[in-house]
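The chains carry the letters A, B, C and D, assigned in the order they are written, with residues numbered from 1 in each.
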Amino acid sequence: MIVVMQYTATEDNIKKVIERLESEGFSTHLSQGVSRTIIGAIGDRTLIPGLAIEAMAGVEKVVPILHPYKLVSREFQEENSTIQLDKLVIGGKDIHVIAGPCAVESREQIIETAQAVKAAGATMLRGGAFKPRTSPYSFQGLQEEGLRLLAEAREETCLPVVTECMDVESLSIVSEFADIVQVGARNMQNFNLLKKLGTIEKPVILKRGMSSTIEEWLLAAEYIMASGNPRIILCERGIRTFENYTRNTLDLSAVPAAKNLSHLPVIVDPSHGTGRWQLVAPMSRAAVAAGADGLLIEVHLNPSEALSDGPQSLTLENFTSLIGELAVIAPVLNRQLAAACRD
Amino acid sequence: MIVVMQYTATEDNIKKVIERLESEGFSTHLSQGVSRTIIGAIGDRTLIPGLAIEAMAGVEKVVPILHPYKLVSREFQEENSTIQLDKLVIGGKDIHVIAGPCAVESREQIIETAQAVKAAGATMLRGGAFKPRTSPYSFQGLQEEGLRLLAEAREETCLPVVTECMDVESLSIVSEFADIVQVGARNMQNFNLLKKLGTIEKPVILKRGMSSTIEEWLLAAEYIMASGNPRIILCERGIRTFENYTRNTLDLSAVPAAKNLSHLPVIVDPSHGTGRWQLVAPMSRAAVAAGADGLLIEVHLNPSEALSDGPQSLTLENFTSLIGELAVIAPVLNRQLAAACRD
Amino acid sequence: MIVVMQYTATEDNIKKVIERLESEGFSTHLSQGVSRTIIGAIGDRTLIPGLAIEAMAGVEKVVPILHPYKLVSREFQEENSTIQLDKLVIGGKDIHVIAGPCAVESREQIIETAQAVKAAGATMLRGGAFKPRTSPYSFQGLQEEGLRLLAEAREETCLPVVTECMDVESLSIVSEFADIVQVGARNMQNFNLLKKLGTIEKPVILKRGMSSTIEEWLLAAEYIMASGNPRIILCERGIRTFENYTRNTLDLSAVPAAKNLSHLPVIVDPSHGTGRWQLVAPMSRAAVAAGADGLLIEVHLNPSEALSDGPQSLTLENFTSLIGELAVIAPVLNRQLAAACRD
Amino acid sequence: MIVVMQYTATEDNIKKVIERLESEGFSTHLSQGVSRTIIGAIGDRTLIPGLAIEAMAGVEKVVPILHPYKLVSREFQEENSTIQLDKLVIGGKDIHVIAGPCAVESREQIIETAQAVKAAGATMLRGGAFKPRTSPYSFQGLQEEGLRLLAEAREETCLPVVTECMDVESLSIVSEFADIVQVGARNMQNFNLLKKLGTIEKPVILKRGMSSTIEEWLLAAEYIMASGNPRIILCERGIRTFENYTRNTLDLSAVPAAKNLSHLPVIVDPSHGTGRWQLVAPMSRAAVAAGADGLLIEVHLNPSEALSDGPQSLTLENFTSLIGELAVIAPVLNRQLAAACRD
């Protein structure tokens, strides 16, 4: 950490900062330039957010040198993390396409969709049972019944099931039924939920918050890992910007960026990332070309009848054609589309 | 709702949209211009998010006409809501200053601070017991012990206590000790928490999410109100933008905007809104001048020793001087600073 | 255009809005619902921005139905525009890679770079002669001398030259030397420059402003086209968001979005879009996979000696390897990398 | 400047960075910690943007210590700059209200408006002759005729005239007629225009770009001042964010922030900052309460007939009532509303 003093800082200001740092166990180094005095401090990075050095008299700013996260950093572990789920491996050579409807609507819908996306090339099934909705008047999901239907669809197809957990209360039931537990963008900084996710045996898909920096996203992953669960998959799903033609702005540069900074796998959700089905195929291809380890795609057998997110759902036909394109792009990065489980 | 068809839409596309709308109970009106066909639809606004009209063939866009919220809207209730708390009234002629430390750190700290801010003119005490922190390595608050210390401070000063609830699990204990329960920016769309807040007897301060539009903020309030609790105070606390000199960009225009759209009281948190104590006094004055019903200000008796948010905390001296300035601005808007409770 | 009246609007308010619209040549249609009165207006879309209907008593909002641009819209011309430049065609089956240094620094540098990028597969040469720089103390470019050196490099390699014009004053000299004139992000709404660009014989690359919506970008293109020059290439180069790990957030969804809305070719600048060379190759691959018609890439033979933008410049080695990857992705979209000119 | 090396940096990487810095005239200081090596460098700050240290092998990031601007900084000049214009002083104790229509529309309009706003308390007249418009089909201003009408209005009222200059070409004619030349948000980084503004004898109002940081805004002012003109007034006019209820998000915290960092006066434009006349009065009061040195307000005698920006223009009645409120707030900051010139 570097502490930059104001040009008006007094000797006494400087002395007090040094004393404070040393009392917290930091070793310090003073560098007095013509226009600024700078204090370098070396010590436990996890203490830094708790100090309030910026609030001390004469301090202009504090510049951290190390990343504030540790366990999830590429520095801590150089090789890529891979996450095993039965015979599937996420984060290795295989690219996974996770597909399914925004929300589970009925037994027939989820089972037919599961069979169809599997046939088209998906390796996992997504489907929302608990739905976070902006309006209290929108469909809130089938809840526990939705979880049971997902499990039935898994029975029928052998596809592992990805579904969202919205809070600590429902975590035990969700993680009982799900193969991978998803944390939605609005919950990326639900810190109690993150801590609890550290205690479960299932992998976690951690969506980036819609106004979260990459650093905050990695800190959220650090919460889970520090609590005991290292099986984390990051998911870019679009950030909020001034552009309103798209629902969000899908930040694909976050894929190579997060992979530079961290050893965790990174997947992309182009459905929420764009909010328009016409943009889902181009952005899916782009995600794979940018190095994503997988995709999370909303597919609906009849989008205009969907109870939620119809406008951003692919038809089966469009989904199938997309899979064909991805299969050609993957080898450019020395990757391949994963093969689905066999019953 | 207005449905705008693509210029390439066929007669059949148009017919299907109309059928869909009518089957959902909307009455429709067709208007065929030279370059576009437009379908007007009148019916239950709360059904609209559940339709996926945009996903139907030939549809260009759907334009809602009514606001998606209802109970919290100025249209539903023309006069300002006022919230009574013992003898205090929020949202009326009185302006309230809620002050205290970011986090409760010790008995001595919270009681001394409570006495000091009361003497300076605050009418309520704020203090965090459960703290949402970006890093897992930061101080997470004294938790239940913090709540007890807040209650002690109330005993000593008669100041009502405002403190944050981070999840459904701790809501019963928080609402047992707090006089007003605060929902943090990161929880503005924690929908299960919002629903539960609708069932408690205490008023709720609902902070605006850092990337939430005013419309989404009012929809979050609608969740609480639709669940049974009408005693809601909106709190602007800064939104996330590209500017990084400040921690957030305090959107003061949201104060008159929210008051135009809704009957609920609106207060402002200039401490989180700016992240720099030097900007807290100017922005507090500005908030009152813009029509805010109150302020939520971090005050620390020794900011550079604070366990969190020191850099944005006012000293008691600066806080006292600010109160004097606010007392002169309030009458410009035909308001006055509220008087504190008497023991 | 749809005019939504406030729920409190009087009959007289409504009457005046209708009179105003009809006096401007619009035909109107009144629709009185239970909670809102709506006035539909059909007429010349180019008049709408000049009306101030929102300022009239009783008006809640005005909703435009048609896009505000016309000549550049897909609706006006259904098939893709292609731009011919000697034997090169932009916007057709060929994908073009335009490469070169941020700034022209010396004869040797620009000629060597031109030869190298041509050998690697670039079909055009980029290089800045007039440089917009945030700080007055930064290198401002070789100016006219830079243009002459670019022309020499073209002589040596036959590569057409792309360079930026910063203002109306230098347009005649820039368009004398350049084969394609580039408009920088900061000038996207320099309306006088846009009008003048409508009068030149050279194609124009129009970069998206860093806080411009896709609609504003297309309106800027409309300025050029309405002034007489239809040879416009749109260029996505990143927008400004809260994320600060990257210099900008490259909005790749703008590629398929702009191509849906407009018939113009769209290229991508991943160098400015990310500001980090490590992200340039992944985002270049992604851009092609998303459907871009070309790329604008900064290549420097020795990035750490570059007078500007070194951190985002590719080395020749990385550039060469990228071209190989792009050649495999292009056929997925039924495209191919363009072949360079022959001397 | 601090150079942070990657944890994988080699001794040779470090050596080369030091050599590069020293060859550019910097003196360096090496600090080798356990996890990172850090190189401090002291020298001419204006050289830093020209170095490409981040592009050197083994470099993680470069952290500037000093602000990149100099002449405009509070550090360079501790006391506030004041700008004299005849008998008016901007940046001193007086607060100035600059009012008038968005665009000059006719002789009658501008003269009547000038007389009315003067009577209400304005000390200067604003009015656009050259208008930057997003659409090529919108009213582009009366141009030179508009300047002459502004001069006539000044004759009639003695009010100094503020009007926008859109490019280098029209600068001589604009600065002939205007008393203060305004630079619009879209031109904040029109660097050639900034340099030319450094050579005129008139004060300049420099609006903040809609996606410009405070640092970039001050660098734009530095361009003007380094070119010879120290009479610069900063103007906050709203930044672009995700919120779309308002036209822009007026960043009032930029007022005290810019005044902390710089000695220049800062005024606020609440009309463009909000885009809604209902928000103009609250945000004007807030701006003065936050410490602004003046306001730039659109007033139209008949907003619904305005050729541009009607929805954000105040009526004379609302403007007059606002002035009364400002007169009460100003003394809280030990300021007063300026008195207008006398004929």
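Methods note: a contact is a pair of C-beta atoms (placed from the backbone, for glycine too) under 8 Å apart; a residue touches a chain by one contact, two chains touch by 3 or more.
Quantities reported herein were computed from a predicted structural model and do not represent experimental measurements.
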Exercise. Report which interface contains more C-beta contacts, comparing B-C against B-D.
Key: B-D
Exercise. Tell me which chain's centre, taken as the mean of its C-alpha atoms, is farthest from subunit C.
Key: B
Quiz prompt | Centre-of-Cα separation between subunit C and subunit B, whole angstrom | solution = 39
Quiz item: Quick one: subunit B and subunit D, Cα centre-to-centre, how many Å?
Solution: 31
Self-check item: subunit D, residues touching no fewer than two other chains
Solution: 211, 240-242, 244
Quiz item: Which of the residues in subunit D end up touching subunit A in this complex?
Solution: 2, 4, 7, 29, 31, 33-36, 38, 40, 42, 63, 65-66, 75, 240-242, 244
Quiz item: For subunit C, which residues are in contact with subunit A within the complex?
Solution: 211, 213-215, 239, 241-246, 249-257, 260, 273-274, 276, 278-279, 282-283, 285-291, 325, 328-329, 331-333
Self-check item: subunit D residues touching subunit C - in the complex, by the definition given at the top
Solution: 20, 46-47, 49-50, 52-57, 68-69, 132-140, 166-169, 186-187, 189-195, 210-211, 216, 219, 222-223, 226-227, 240, 277, 303-311, 313
